[in-house]
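Just so it is clear, A, B, C and D label the chains in written order, and each chain counts residues from 1 on its own.
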Amino acid sequence: MSAWQGNAQILSNRRIRGAYFHLSVMAARISAVAKPGQFVMVKVNRDGQEPLLRRPLGIHNAGVGRLSLLYEVIGKGTQILSQRRPGELLDIIGPLGNGFDTGPRMRGARPVLVAGGMGVAPLVFLARKLKAHTPLVLIGAKTGKGILCAEEFNACGCRVRLSSDDGTRGFKGKVTGLFKSMLRQGKTGMTVVYACGPRPMLRELSVLCRQQGIPLQVSLEAHMACGIGACLGCAVETHAGYRRVCKDGPVFPAAEIVW
Amino acid sequence: MSAWQGNAQILSNRRIRGAYFHLSVMAARISAVAKPGQFVMVKVNRDGQEPLLRRPLGIHNAGVGRLSLLYEVIGKGTQILSQRRPGELLDIIGPLGNGFDTGPRMRGARPVLVAGGMGVAPLVFLARKLKAHTPLVLIGAKTGKGILCAEEFNACGCRVRLSSDDGTRGFKGKVTGLFKSMLRQGKTGMTVVYACGPRPMLRELSVLCRQQGIPLQVSLEAHMACGIGACLGCAVETHAGYRRVCKDGPVFPAAEIVW
Amino acid sequence: MQPNLSVTVGRLRLKNPVMVASGTFGYAEEFADFLDLKSLGAVVTKTITVRPRTGNPPGRTCETPAGMLNSIGLENPGLDVFLKEKLPALKRIGIPVVASIASEKDPAEFLVLARRLDKIDAVAAIELNISCPNIRHHAASGRQRLVSQDPAATYALVKAVRKATGKTLITKLSPNVTDIVEIAQAARKAGSDALSLINTLTGMSLEVKTRKPKLTTGIGGLSGPAIRPVAVRMIWEVRQHIALPIVGMGGIIDTSSALEFLIAGATAISVGTANFVNPRVSIEIVSGLKAYLQEQRIPDIRHIIGRVGH
Amino acid sequence: MQPNLSVTVGRLRLKNPVMVASGTFGYAEEFADFLDLKSLGAVVTKTITVRPRTGNPPGRTCETPAGMLNSIGLENPGLDVFLKEKLPALKRIGIPVVASIASEKDPAEFLVLARRLDKIDAVAAIELNISCPNIRHHAASGRQRLVSQDPAATYALVKAVRKATGKTLITKLSPNVTDIVEIAQAARKAGSDALSLINTLTGMSLEVKTRKPKLTTGIGGLSGPAIRPVAVRMIWEVRQHIALPIVGMGGIIDTSSALEFLIAGATAISVGTANFVNPRVSIEIVSGLKAYLQEQRIPDIRHIIGRVGH
C-alpha cells in the first residue's frame, strides 16, 4: 500500500466536453495497488513554482499499467494540466489516502453511488470494483451537459439515474432530491451509500442516510499542500477531533464528520 | 520613434544549432521604425510570474512587417522562449533604446563591425543598413561552432573574418586579437568601429580604438527590469555620471564609458 | 450602471483609486507611449531629494521567485531639476501629482523639500519616503535603522513636516518592522493624512557560481507578487487600528490583486513592479475595477473598501 | 575526491548539512515511502507542546505567488504521546532528532518540555520555536507580540531553558522583526548554541469572490521560494554580527538555493515547503551538494559557509 513518486508518461489527455478532461498515464506502480477512492498528487508543471503546489485528483480508473484521471479546468493548475501532451512525463505521487471501504461486510450488499458534479471521478473506479453488486448510480450536475460518465457506469452494469438542477437531463433538481425520491419509492433496498461531491450535498445525504439507518461513506475535499499527511493542512473536523483528509481520508464514514 | 507594446504572432522559432535560436514575428509597428542596435523586451511566457520580468533581446533583423531575433538559451527565460511555437502570440515591446549612430558623418566611411559571441545578433541588421559601405565584419566565438551569421554578413556584401578561441575556425584567439592583427596589417582603412559582445572585449577594443583615434560605438548589456527608462536599474557609469543602458543606450560612444 | 470609482485620500480627490508607485513609473513620460496617462487616478514621482543623487553602483536589480530586488539608491536629479524639467510635463497630464520625497542624511532636508513643494500648485500631495531600504537614516542601539523602523523618529519627522506644509501628507512605511501598527499610529498622531503601505522588504540574493551578491550593494528591496501576502496583511492590520486612508501596494499585478488590497482596507492602490512587466497594467486595472463593480452590481467602489467577509 | 559534508551545530554533529524544517516533514514516517530517511543530516520534529493541541479550524493552507500560507496552529499530540508514539520510530532512523518545542500560553511550559527532553537520549538537540506566527505569547505596549519579537523576552526565555537542559539549544527566530540581529544577539547572550532562521513571514490572502480570507484564521505564515531573499538577507546579516552557527531555511527548493544559504552563512540548512512539492528534495540536495563540491574541487563544505564573494 506504499505510495510511489515518479514521472508517468502521458498516454492521452483530451477534452471530453466543455472544461472536462480525461487524462491517462502509464503508472504501473500506482495502478497495481490503487483502490477506489484513493487519489494522486500531480505536479502539473514540469518544474517551477507557478503553481508551486501539487494538485490532488481522484483516481478515475486503474487498468494494467495505466491510470486515468478525470478533471475539470477550474483554475491555473488544471489549466496547465490540460495543456500537457501525450508522450510528456507527468510527476505524480500515489496512490494516496484510504479509499472507499468495500470490505468483508459487502456480501449481499446493494450499494448506491451518488455523484455530484466532478464527484463522478472516483466513483467510476468504485463502480467497476462493485460490479458484482450491480450498483445503483445517481449522477447530478447543474446542467445536463455537466453530467459525466453515465456510459462508463452503464458499461459496468450499473443502473444509472440522472439529475440536473435545470432539468435539461433526467430528474429536475439536486441529486439529493433524486436520492430522496428513490428512497420514497422504496425499491432500492440499498444497504450502503458511497458519495462524492460538494459538501452541501454530502451533508444532506448524511442526514438522509442517518434517518434511514444506511451507512454512508463520503469522499471529502480539502485544500492540500502535501497530500501525504505531513503538513496537517487538510484538517476536517470529526467527532474524534481533526483528521487529515489526505491521510485519514479522503473517505470517511459520514457519521464521523462534524457537518 | 515611439515604442509599441503588443502581441506579435510568431512566424517561426527554430534552433540554428546548439543553444542558438532564430525567432521571427509579425510586428509591423516595430519593424517599420526599428533602427539597428535597438532592442525589444520580450515576455517569454504568455502571462505569469515565472519568470516575472521581460527579457531584452536585440533586433536581429527587420523586414516588411517582420522582426527577427537571434538568441542563445542560457537560462529559464530563453528556455521558455525556445519552446514557443509558430502561430502563438508573443508579447513584445519595442523598438527600445537609441541604436547605432549611422548618421550624416558616414559619407565615405569604412566601417568595421566586431562581434563577440551573441554580439552578432544586432550587427546583422546594422550590416544591412551599412551595405553601401561594404563593412568589414569580425566575428569571434569560443569555438568555431559558436560563430554565427557569417553567411548573413556575406550576403550583405560584407567582408567577413572569423576567430575562435580554440582555433577551430578562423584566427586562433580572441576577436580582439584578430582586430589587432588587422590593425597591424594596416589595410582596413577603418573610419568607425561598431562592436557588440562581452564587456572585456569591448573594453579592450576601446583601448585599441582610442590609441588609433578611431571612433568606436559599443552596444552594452545590463540587467533590465523595465527596458523603458523607468526603473533606473540598468545604470552604466559614464564620464557624465550614470546613464540608463535601456534608454540612453544600449549603444554608447566607447569614449563615454568608464571602463 | 456607471459605478463610482472616485475616492479621497486626505484632501486628495482621485477619479479612480489606481495610482502608480514611486520609483516604478519614472516621471510618467517613460510610459506615454503605452497608455493614456490621464486615465490614472494619480501619479507618484520617483523619490526626490534636495540635491541630485547618482544612486548606487550598477548591478542594481535582479529577479527572484515571483519578485525582484532593487537597489537603485534613490537616483534622482534633485529638487531644482525636478521642478524645472520634470514637473511641467507631469502637470500637463492633468491628474494629481504626488511628490515623493526623502532626505539623504539630515532629516531637516525633508523640511526643505516640504516647504518648497508646499508652494507649488502642481503638487497635489506629498509622500514621505521614510522607508527606502537603500538609505539608512540614523543609528539606535548602535544599529542602523530607517526612520520608519522607529515610532519616535517617525513621529518626530512627520510632526515637523506637518508643520511645514498644508498639503496632503502620505507617509510611506517600511514592512521591515516588528509592529506596523505602532509605526502607523505614530504617523497618524503626528498628523499624517494617509499612509502608503508597503515599501519593499529587505532581501538579498546570491549568485551561486561566483558566490557574489546579485546586487552590488548586497542587500536591496524585494517587490512584486512574492510580497503580496505580507502587504495585504499589513494593510488589513493597520486598517483595524488606525483611522487613516491607506494607499496599498506590494505585488499588485491585475484587477484581482488590486481588489484584494481594497477589500483588505486600502482606499487607493499603487501599481509598482507590474509596470515593468506590462506598462499598461495600471489602466487595465482601472477598467477591470469598473467592470467588476458593474458585474457585481456595486454602485460605489467605496462599498468594498475594508469589507473583509467572515 | 570524497568531499567532507559533515558540519557541527553546537554539539550536534551532522553527517551532512541537510535537515528538514519543523512542521513540514511530519514525524518523518510520512516520507518513508519516498526516500531513505537515514541519508538526511537530521530531522526536526513538528513543534511539540506539553498538552495535545487540536490546531486551528480548517482552511489552514492556501497558495500564494511562489509560496504558501499556513495556519496549522501547532496541532500536535502533546509531549507524552510524542515520546511514546512518535519518538521510537524517529530514533530507529538512526540520524539526529531535533525536537522542536513551544509553549501555548505560559513560557514555563518550555521548561517542562526542556527538562523532560533533556533526559531522553534519542533527542539530539532542542529547537525552541519562539516564533510561530499562529500563536501569540505576551502583550507589550498593549499589542500582541511573539517572544522572538522582543529581545528581552527572548533573552529571558532562552536563559531559563538553557538552565533546564544541557542539550544543544537551537533558537528559531521570526523574520517579522525590525532588527533580526538584536534578537539573535539576545539568544546568543542567553546561551543558545545555534539559531534557526527563518520561520514564516506573517501574511494574508483574500478570496476576491467571497471577500473572505483564504485562511480561516485570517492571517498565517508565508513560506516557500517567495521569502527566500528575506531569509538569505537575515542569515547574512546575523552571520556578520553573531558568532553562532545558523540553520538556514526559507524557500530552499534545490541544490542551488541550498548553496545560497550556506554561502550566506548558514552552517546547515532546512528544507521546508519544498518537501510538499517534491518529497525527495532533501536527499536530492544532499547529492547535489556533494556533486557541487566535487565539480568545484572543494574538499570540505565548511569552506563555502559564509564565504560571500566581493
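FYI, a contact is a pair of C-beta atoms (placed from the backbone, for glycine too) under 8 Å apart; a residue touches a chain by one contact, two chains touch by 3 or more.
Note that this is a predicted model, so its numbers are computed, not measured.
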Any chain that touches chain B and chain A: C, D
Please flag the chain sitting at the greatest distance from chain B, going by CA centroids. A
So how far apart, in whole Å, are chain C and chain D when each is placed at the average of its C-alpha atoms? 33
Using mean CA coordinates as chain centres, what's the chain B-chain C distance in Å? 36
Calculate how many whole Å lie between the centre of chain A and the centre of chain C, each centre taken as the average of the chain's C-alpha atoms. 47
Provide the list of chain A residues touching at least two other chains, using ranges where the numbers run on. 49-50
What are the residues of chain C that contact at least two other chains? 65-67, 224-225
May I ask you to sort the chain touch graph into line, ring, star, complete or other? complete
Given the complex with chain A, which residues does chain C contribute to the contact? 65-66
What residues on chain B touch chain D, complex-wise? 49-50
Interface residues, chain C side, partner chain D - complex: 64-67, 69, 141, 143, 145, 149, 176-179, 181-182, 201-206, 208, 210-213, 218-219, 222, 224-230, 232-233, 236-237, 251, 256, 259-260, 263-264, 304, 307-310
Chain A residues within the chain D interface of the complex: 2-5, 43, 49-54, 91, 93, 222-237, 241-242, 247
In the complex of these two chains, what residues of chain D are touching chain A? 23-26, 30-31, 33-34, 46, 54-55, 57-63, 65-68, 70, 72, 75, 224-225, 253, 273, 275-280
